[in-house]
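Questions regarding the structure given below will be posed in turn.
Chains here go by letter, A, B, C, D and E, matching the order in which they are written, and residues are numbered from 1 within each.
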Amino acid sequence: MWIRGYKLPAMSSLLVWGLLWEVVGQLGMTFFIPPLSDVFVTLFEIIGTPAFLKALSETAQAFCAGVFFSVAIGIPVGILMGRSRLLDELLLPWVNIFVSAPLTALVPVLMVLFGFGMKSIIITTTLFGIWIIILNTRAGVRQINRSLVEMATSFGASPMDAFLKVYFWAALPEILGGVRIGVIRAVKGVIIGQLLISIVGFGALFELYASNFLMSHFWAVLIVLFTLAFSISEFLGYLEKKVAYYAASR
Amino acid sequence: MKYRSLYIKVISALLVFGAWEIAGRIPISYAFPTFFESMSALARMTFDGSIFVAYSETLKPLVIGVAISTVLGIGLGLWIGLSERFEWLFSPIFIVMQAAPLAALIPLLVMAYGIGLTSKVFVVCIMAMPVIVLSTSSAVRNTPSSMQQMATSFLAKDHHILLKIIIPAASPVIFSGLRLGVSAGFIGAILSELKITPTGVGDIISYSRSIADYPSMYAAIFSIILLAVLFLNLLEKIENLLFKGNDRGYVTD
Amino acid sequence: MIVDMSQTNSDFAGVQQPEQDIAVSVRGVSKNYGAVEALKDMSLEFPRGQLTSLLGPSGCGKTTLLKIIGGLLKPDSGEIVVNGKPVVGPGPNRAFVFQDFALLPWANVLRNVAFGLELRGVAKSEREDKAAKYIKDVGLAGFEQAYPHELSGGMRQRVGLARALSVDSKVLLLDEPFSAVDEQTRRKFQEDLLSLVANENKTFIFVTHSIEEAVYVSDQIAILLPRPSRVSEIIRPSSFRLKGAENIRRDPEYLDIVDEIWASLRNYVE
Amino acid sequence: DTLKIALAETPSDELAAFFVALDRAKANGLDYEWTAFSDEELAVQAILSGQMDIGFGTPYSAMQRSKAPIRIIFQLSKLKFFPVAVEEYTDLSQLDGQPIMLHSRGGGTDSIANVIEDRMSMSFGDRSYVPGSSNRVVAMLAGQADATILDLSNKNKIIAEAGDRFNVLPMFDVDASDEALFANLDWIKDNSEQVDILVEALVSVWQDMAEDPTVISRETNPDGPIGQLPAEILAELDGFYTEAVAGGLYDPNGGGRIAAKADLDWYAAAGQLDGNPEEMNIEDFWYLAPLDAAMK
Amino acid sequence: MIVDMSQTNSDFAGVQQPEQDIAVSVRGVSKNYGAVEALKDMSLEFPRGQLTSLLGPSGCGKTTLLKIIGGLLKPDSGEIVVNGKPVVGPGPNRAFVFQDFALLPWANVLRNVAFGLELRGVAKSEREDKAAKYIKDVGLAGFEQAYPHELSGGMRQRVGLARALSVDSKVLLLDEPFSAVDEQTRRKFQEDLLSLVANENKTFIFVTHSIEEAVYVSDQIAILLPRPSRVSEIIRPSSFRLKGAENIRRDPEYLDIVDEIWASLRNYVE
């Protein structure tokens, strides 16, 4: 967005929304929405407390691991599915099943299999992030210009080379789009995992604050989460812009 | 090999269901019924009709919500993808919606929209729409420029470029977002039945869970997944029908 | 045979015949891509109902010029006048054949060919009839339902050609339209172009790398200098058509003029 | 071995007494860790699958239906629920035929509603289900419903938030359990030492609390999960426990046979147990040895 | 000048000189795409150190044949033998120039040209030196850092050419490699090819639509029938190179052979 020749940073529109929030809060329409300024005051109060720091580290750990697995598994699987009919036929039904399975219902099974610790939470986070990465990567790979693949093969590309040097790059705009959405979903996933499996981390804080009607505490934690989601999304958006130069000329 | 893909599906289904049956028999947990127990519970619910009654309840918010999310989501996604100004203003909303832990926000929804259909439709929309919007907008930006140029030279109006170039070119990614959106909508419908008011299939799940009737609980979950998978296959058929030439097959063929 | 030669671009304004009806005129157009100067103060006129070829080294800016005339690119300076009106964008009076074909991968041949008509709001049955006719004309009958990725290079090129012909514009901008088709088909297309020029008073702006082709089909040939491109010469080899395609290959006049162009083109290369 | 405890909710004021007991047990050599689950069913499943040792809740239907030998060892709190309605209603009988909002089908509030209908020979109108007490509070505050049944702390919240708009309707006493500690019988027998220490600590705290409710806030470990709660919540601990003890929420004797009998009656009436409560054997649901030992 | 003509494909086996060293031989290859029969029982031999052109109508299966030789497509029946070994896939002994260029849009010219070497594991500095040399050879010096979408059609084609040359394979498969470059550049490239044939004993399989080009550069020309493709004739116009590119245009022998090919090509078209 440009105003009089100045480029406004992407997140600056948040100021507009924040202002709207403040107004709604000040009007006192509902106790559920305290003024944004109160929320920030609370945020600064709780941000240094051991409970908050512990929740932050638990959440960040699970989130990072979950995102790592969704990306590290999702992209190769998506590429393989877009490339090979056999694998696609084998995996797509299961992808569809996992995509559509209500995770809340899957959680008991997960817990049975993996216990209640970090492992199950990480898996839940991964389950939230991975599908859009797989699906988008698959869609990207299926659109690849066939000549590029033939070219690489004709110059003796090994499967690994083809993977790293052609498929990945040719589908990169779609992959990044998928990773961006996947990572944002993983933010939600980690919280839901924490709420459903064992109540730890930010999930525990949400539960506690919501059930005790500590609304400005509640929103303060939510703001921390949104900030997390935003910065990651903006970073990936920046990467997406970096590949835009060829995305439209493939 | 006309039936190859069918064989593959059947075989992989057999494998997984077999594993389920075995896991249920060990048992890995008292709360984990076997495949046959679950299927007989499903059969029972089918024959006494209770599953149909439940679905008639569940499908209402689902269908309405998914329809709204699809239309509105693709529309907004296109707009965000095309207009930098609009993106600046509105993409944060969808990022927030996508990242917000819905379960924590349900009280807010109950507050605003009550415990009836509206809230549930809302939950479905919140779950389904952001993926659709974000996928659509990122796909739109990658439309091949040479085709846009071609259309311009043949006097395409803006809406032509949108309908005849951008949407078909973006359709594979839009559809993958749509799939995820629709399945998120399914999850949303169930979640709203678990968290707002238990009706329909969500009620079967939470009730059988509270009376420890795990086979019925798994049967209900199984039926949702089945329905969602059927629906996703339908969606894929629609995609192939609408944009046939986009399917260039697999590289390995 | 008339051969006009205007040695430089600045002389050029002087030699134009005012009584001639000019369909398209390019006036002092410049275009830079970042640091790359593609066109520099180029001026050129395209008489109505004639076929003008652009001959020039690869990368000299022919496609750029065509796109500017087509209204797809904005020049950095200068203007394009078509039928007396300055160009501000694409218009129904110009149709384009793209060097890279620009086919819709998701549409079959029939829909691709009919696409120009579709955008003009022609009814489905009418445009498909018309498209089917042009598909037959370019020799693709039987491939109506095929998708671009199932066609050979030359067949794709012909789809792009059929699409441009089907919209029936008065000015056609053809960017190396025959580069991927065989000689026999190319010869047929050349005859088709010439009959469109003769019978329907269409104006063609034609990019080619084949000197022989340019000499055979053109009313005038503009020879372009390498980047930054200006017009170096205008040649008017107007009488070969009458001799028939069969005979000119051994015609000394024809060979002379090919040599002449060849000599003037090679001048600056290296 | 570390004792693994499955809580059915995140630590809050209601669990303060339990954590005080845990601290006392720890002083006697009990090694424990706890995990909070979002609801009782998950905690039950965790015990059923053997991943947790001791759970929170009243898993009567699971005990009856599943093949696992699950037994209750201690009653933590009684079913103390409060019918709350908009101010035009002052008595339960006025709710005859009126819609009511409950937690879930087959859940605790649902059984309370059943029993109310029974004893008052009335019947509620449409029952709508909204899981989560706090969600029901919100729905009441937003005017989405006229009547509901809440637990003590949420009843306090709604009255604090909008006492002028709502009434707490008087209700008869119930001895049945709301929360109890349960575990797999095989596990209990293998780990009787740990179980004894825990039950003993619970009994001592429950008895001390009956005499002086402020013992809870005094003994709360400031670095423990309760001590870390926001000051807003800690400030209300004394008030909460004073009222709870006065209201008979906690049985200083840990429930035992009386509670077990009451539970069977109650949950059979509420539809969670199949069959005639008179014919049921308490030993199939409770394991009383540790409590008996502690009461000596 | 020697002109061998074998009228039919079945005769063909008889005319091959057994003493000749055959680099690539195509034996009874057929290929269908669904209902489209592209190649039907095609047999053809490519002598080592010679340049063989494939001439045939657009869509007859030339690209398909090249891809089969390159190991990129599997024939439905028949086999390809390169240096005595049957082809099962791509190999380092063959390099490909693609009709649609197949450049990596995310890589600049330098990386695109060096890509073949990169895949063969050549160290970065070495392959970039080599690539830079070939970029200069094809006249793209100064565009090393440009991306494909910033190049003109002809420049892209030259990138693809440089990439294939840089891997230094013994057999080169060129699919209309000069279709988008100007005559002057094309002439230079033809000379380069000929010197590679003469000095480095490379084998070229060359698809073109220009009869003149085929006659000028080829040791043998295979004329293909339209779909389903078979070899209709083999022509060996071997002595024009000696006469020099400048003079042959008016050479009656040259003109005769062009006419002859023209006549035999047009026979079957329509």
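Couple of notes before you dig in:
Operating definition for what follows: a residue touches a chain if its C-beta (ideal position, glycine included) is under 8 Å from a C-beta of that chain, and two chains touch if they have at least 3 such contacts.
In UniProt terms the chains read A, B = ABC transporter permease subunit; C, E = ABC transporter ATP-binding protein.
The structure displayed is predicted, hence computed values, not measured ones.
Of all chain pairs in this entry, the one linked by the most C-beta contacts is A-B. The centroid of the Cα atoms in chain A and the matching centroid in chain B are 17 Å apart.
The distance from the centre of chain C to the centre of chain D, with each centre set as the mean of the Cα atoms, comes to 86 Å. Averaging Cα coordinates per chain places chain A and chain C 51 Å apart. Counting partner chains per residue, chain D shows two or more touched chains at residues 45, 49, 132, 134, 138, 141. Residues of chain E in contact with two or more other chains: 100.
Residues of chain B in contact with at least two other chains: 28-29, 31-32, 107, 111, 146, 194, 246, 248.
Those chain pairs judged to touch are A-B, A-D, A-E, B-C, B-D, C-E. Considering their complex, residues 33, 36, 55-59, 61-63, 99-100, 150-155, 157-158, 175-176, 179-186, 209-212, 249-250, 252, 255, 258-259, 262, 265-266, 269 of chain E touch chain C.
Of all residues in chain B, only 4-5, 8-9, 12-13, 16, 28-29, 31-32, 84-85, 87-93, 95-96, 98-104, 107-108, 111, 130-131, 134-135, 138-139, 141-146, 172-173, 175-177, 179-180, 183, 186-187, 190-191, 194, 205, 217, 221, 224-225, 228-229, 231-233, 246-253 touch chain A in the complex they form. Here chain C touches chain B in the complex through residues 67, 70-72, 89-92, 94-96, 98, 100, 102, 104-108, 115-116, 118-120, 147-149, 163, 167, going by the rule given at the top. Taken in their complex, chain A has these residues touching chain D: 31-32, 46, 49-51, 107-108, 111-112, 115-116, 195-200, 204, 207-214, 217. On chain D, the positions that touch chain A within their shared complex are 7, 9-12, 35-38, 42, 45-46, 49, 51-52, 132-134, 137-138, 141, 157, 161, 228-230, 232-233.
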